[in-house]
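Structure incoming, see below.
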Amino acid sequence: MIRFECDYTEGAHERIIKRLMQTNEEQTAGYGLDDHCEKARTYIRTACRAENADIHFLVGGTQTNTTIIASILRPHQGAVAAITGHIAVHETGAIEATGHKVLTLPSDDGKIQAHQVKELYDAHWNDVTHEHMVQPGLVYISHPTENGTTYSKAELAALSKVCRECGLPLVIDGARLGYGLAAAGSDLSLPDIAGLCDVFYIGGTKVGALLGEAVVITNDALKKDFRYMIKQNGGMLAKGRLLGIQFETLFEDGLYYEISKHAVNMAMIIREAFAEKGFSFRYNSMTNQQFPILPNEVLSILGEKYSYSFWEKVDAKHSAVRFCTSWATKKENVEMLVNDIKALR
Amino acid sequence: MIRFECDYTEGAHERIIKRLMQTNEEQTAGYGLDDHCEKARTYIRTACRAENADIHFLVGGTQTNTTIIASILRPHQGAVAAITGHIAVHETGAIEATGHKVLTLPSDDGKIQAHQVKELYDAHWNDVTHEHMVQPGLVYISHPTENGTTYSKAELAALSKVCRECGLPLVIDGARLGYGLAAAGSDLSLPDIAGLCDVFYIGGTKVGALLGEAVVITNDALKKDFRYMIKQNGGMLAKGRLLGIQFETLFEDGLYYEISKHAVNMAMIIREAFAEKGFSFRYNSMTNQQFPILPNEVLSILGEKYSYSFWEKVDAKHSAVRFCTSWATKKENVEMLVNDIKALR
Amino acid sequence: MIRFECDYTEGAHERIIKRLMQTNEEQTAGYGLDDHCEKARTYIRTACRAENADIHFLVGGTQTNTTIIASILRPHQGAVAAITGHIAVHETGAIEATGHKVLTLPSDDGKIQAHQVKELYDAHWNDVTHEHMVQPGLVYISHPTENGTTYSKAELAALSKVCRECGLPLVIDGARLGYGLAAAGSDLSLPDIAGLCDVFYIGGTKVGALLGEAVVITNDALKKDFRYMIKQNGGMLAKGRLLGIQFETLFEDGLYYEISKHAVNMAMIIREAFAEKGFSFRYNSMTNQQFPILPNEVLSILGEKYSYSFWEKVDAKHSAVRFCTSWATKKENVEMLVNDIKALR
Amino acid sequence: MIRFECDYTEGAHERIIKRLMQTNEEQTAGYGLDDHCEKARTYIRTACRAENADIHFLVGGTQTNTTIIASILRPHQGAVAAITGHIAVHETGAIEATGHKVLTLPSDDGKIQAHQVKELYDAHWNDVTHEHMVQPGLVYISHPTENGTTYSKAELAALSKVCRECGLPLVIDGARLGYGLAAAGSDLSLPDIAGLCDVFYIGGTKVGALLGEAVVITNDALKKDFRYMIKQNGGMLAKGRLLGIQFETLFEDGLYYEISKHAVNMAMIIREAFAEKGFSFRYNSMTNQQFPILPNEVLSILGEKYSYSFWEKVDAKHSAVRFCTSWATKKENVEMLVNDIKALR
């Protein structure tokens, strides 16, 4: 069985594993204060063109979102997010567990638009009973989204503008950020992202690392005491070097971009194969996740050799499913899948 | 200006005020352990035909909902509610502040149906990623709802059945319970409610009292340590007698029902006046809240003498608004309003 | 049985009850936005000589402390308090329930001193692992304390100075503030208190009201969105007038001071009676709570006619107990008690 | 500089690193559902002689303690712990952040005794105001403690007995469990621990792994929905295999015990060197942490070549410090240190 169900089926990029081996006997300070973390911070600041950004390394996505959001909000405030957003759906209520409501906006493709935020903000403040409702306190988006879609530079700039006008920090979940930056047709760079939001994170777990997410805080007002928040939320590893070494490897010479590009290339090959066969897609994704809508018999045939994720039922005879590639996807596996798609009747 | 905007514009029923004066110099034990509270408990148990129920007196609705829900749920569980439910919309995230998500179900009239609960429950447990999502832990409804609508006995029995099959305690917010029991055409009695749910509360604030809500816990499994929860949530009044005296007065001889009926009667008169004039209603309410859809010029004319609540814009020329009656509504004021409605062109 | 066990055994001052009756039929706006609340705010600002203070009315002490503290702290911060402080001991973990640790300082008499705060603050920041520990975020004291003791003006000024140097808001729990202001030998006025702390509350429940505490926020930085916090914590009464009317009555012409003074006078008479008989006291209280250390047989004799609170065992033959007076204490009851004390062998 | 300051200065045991490399290209299921996790679970169940235990792998100690404790307690309950306990002091209030107070017991050496738990339990339930106080809901201990001390089998059995009598689950923090099991003179085995408590964890981070803690739940009543709790608390790694592979390696053939023993042996050599020189110790530790009390000039001399942790000031001329060994400590470094100790005047 060849796994296309998600983008975390293998270990880490081999250069990371090698680096772990090479550095294994070094004695370092704990809790993210070692030289590897320091180097990784420097590389990331450079990559973001954000000299003054604070960089922190955390363990996983749920923890990172929770730590960032809990650090920013006051008790009566909530996080505005797409109804499909990871924090709204797939984190077992971790945000609520810190006391905050997720204020959801409708979205079909995972994205939210500037005007939606403005309307929600205005609706709150224009309501005479606003003190009886959760106050919007920040805006959370994912880039790329959980559905593989991406924001254009213009869209992100518009969101950023509205957020700043409303005094709402803009937080970007970059669990798959590499795949968003490498997306076909994307005009957004890492410095663009750093410049347009207040806090974001660069996902490692799904892009070459064993685990780890790099938080980048560009808004000075949100930097204070963040390490306390990391500790309280269980993200301060005794052996913080494990995270530093990985991000050092990913960012010292562009490995992060290179392997992200590979994953997107592999996804585009799969996409074309489905498209040529006449299948449509649930979302218009140019990233590593593809969501073809397939007849049940096709799912059955492909399911014999390949694992994929069920996404949603479309009608009695069709379902949308997810095929994921990653930095680790092997070209020969993609070719085999493509041939099997071509061979479908 | 005559106020019809809500059902808490006056103080308390005069018998309550008198009783407060008469008992004022009594020395009593604190924290709800006095004789007045004890008598009130006995009256309420009798009224509910629930000999073994635990009865507690709390201060207000938000606090009561929060205390009940936080007492029942484990951290990874949420409260299922209508998207219009008070806990979902109008409690400034109090439920989330105790760590729990409100899992909303669509509803146009404020009610939820048994099949919706079953579908949400099944959808959760059938999803392979259910551990990544908030688990439904109880079902919350309001009777009457925030929109003045009521459950029939059959509807409530069906909800109760599903909840018991799914192991979900059923919690009823009875902030306006009296007005629901007195609703035109309602076939639900207080013992019905006590028998069909696991915890509910009998609202005092909006039905004759200065403040206070009486929690009735009929499910033995939910009784343990509830007084700790009241204290932690700020609901344990040093002078608990204040609550006991009020519920004693309301339940010793049926005052609660009598004044509820008065409010509903007044509301029906207003309803008929609007209906006769050809206006339609946003919700089909047979309780003390009426939601006529009125043209802007009518709102303007009535607004000169009467206060009402804006509810929602229907189109450029019409809005739905709320006219409330209560135990304190004076017949002469209702008649004046009716005459003014009749006089509308 | 005559109750001296606590200071909340009766209802409210008769002028309050009368005012409730007189105003009962008035129609007012809800949620603390009525004219009675507004007047009460004006009277309190004047009494505090704090023109710009924000004044809010809440229900009880636990709720008030929780709302204030949760409003001020970030998630990694804690409230510094005496180990005997109400928030540390007697609120069923309400502060922790909002996510915050109570950082306790040793205290025998219920007070904490400026140097203790400074030492704790320095110890935190000098510790290399401070990010692994809860950061002190505010200082909470009670005046008078749970043990009836009071701060002198010099002591409070010293505390205030340290707090401001350390950037720690100073919060004063004034559940019994009237009795502190009326304490024999006290040199602290209400304006002194308003000027030296950042937030405090004036207790009504124990000083003449049925219930209610008036929060005074003098520090501009702590004013924002406090009404949201009240609502979330269940303190925003629909009939907020109930609180406004009471504080209006207490502060329109000095009733609050007058009845506080009465309680302290009564307490001093009891104190002298015990002292003359040669009994010592657990705490040196000049307020309405007295803590004589009495032999078991004396407790037994007095216990036949009077209720008091057990405080702590001193040795096999003696216990410290609490006798409380209040605004409602009747002189004839005190005289009877004094005679019975005198009659002890 | 040779680091003896803590037990997490190196990476992981070389067999773990090798295994990570060997398995790197395997495609596995996510979230701890892979074969490596399954194998590790089997090995651990066998090692604990606890066939029915649930085993879960989490990331770090703070997260593990928080997840376990939040999973067990109701909102009004607290965790009983030594005043020196990790959850009481060094987790930035993570337990409080989930809403629960840590109820501390005095302890000089980090241990608590059965009678202390019984006394606290009785004191709570005998207090007439117990509903106003946090209810003890579980007992938390560390073995070995933060001070390197260990429980004897008799002590742990006594604690266990009291906990079961009081209905308080006993939770053991085993961040350094290997070093406790290997302690000179210890009569406690892993099956003893599994049998005497309700939940415990086997620390990996400090005993051979890069990161990771294995939770063992032996009490059936505490097993339900634990994976939801892991996810909510950020402990469910997408690449759960990273934890499974490590515990598989540590427990497939006794590596965990072997490397723990090595660390303790190294610590005993250092201990003897200090003892022979006449220095005393702050705690009587037979585990990998040693706490000699040393004169300032000795600290200064040793500090030129070795890093250690400052623990506490003893008097103007002496401080207690911590020297740690670990699975990774090199014999030649210990010998060098011993020689330098011997060479002290």
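Labels for the chains are A, B, C and D, by order of writing; each one numbers its residues from 1.
Criterion: contacts are C-beta pairs under 8 Å (C-beta built on N, C-alpha and C of every residue); 3 or more make two chains touch, one makes a residue touch a chain.
No experiment lies behind these values; they were computed from the predicted model shown.
Visitor: Going by the touch criterion at the top, tell me which pair is linked by more C-beta contacts: C-D or B-D.
Guide: Spelling it out, more C-beta pairs touch across C-D than across the other pair.
Visitor: By mean C-alpha position, what chain is farthest away from chain C?
Guide: It is A whose centre lies farthest from that of chain C.
Visitor: Suppose each chain is reduced to the average of its Cα coordinates; what separation in Å results between chain B and chain C?
Guide: About 34 Å, centre to centre.
Visitor: Between chain C and chain D, what distance separates the C-alpha centroids? Give it in angstrom.
Guide: Taking the average C-alpha coordinate of chain C and of chain D, the gap between them is 42 Å.
Visitor: In angstrom, rounded to a whole number, how far apart do the mean CA points of chain B and chain D lie?
Guide: 50
Visitor: Got the chain B residues that touch at least 2 other chains?
Guide: 75-76, 91-93, 97-99, 131-132, 228, 231-232, 236
Visitor: Answer with line, ring, star, complete or other to describe the graph linking chains that touch.
Guide: Complete.
Visitor: Any idea which chain A residues touch chain C in the complex?
Guide: On the chain A side, the touching residues are 31, 70-71, 74-76, 98-99, 131-132, 135, 225, 227-229, 231-232, 236.
Visitor: Help me check something: in the complex, which residues belonging to chain B touch chain A?
Guide: Residue positions touching the partner: 75-76, 78, 89-93, 96-102, 128-129, 131-134, 310.
Visitor: Would you mind writing out the residues of chain A in touch with chain D in their complex?
Guide: Residue list for chain A touching chain D: 2-3, 6, 8-12, 14, 17, 20-21, 23-30, 59-63, 66, 91-94, 97-98, 205-206, 210-211, 228, 231-239, 241-242, 328.
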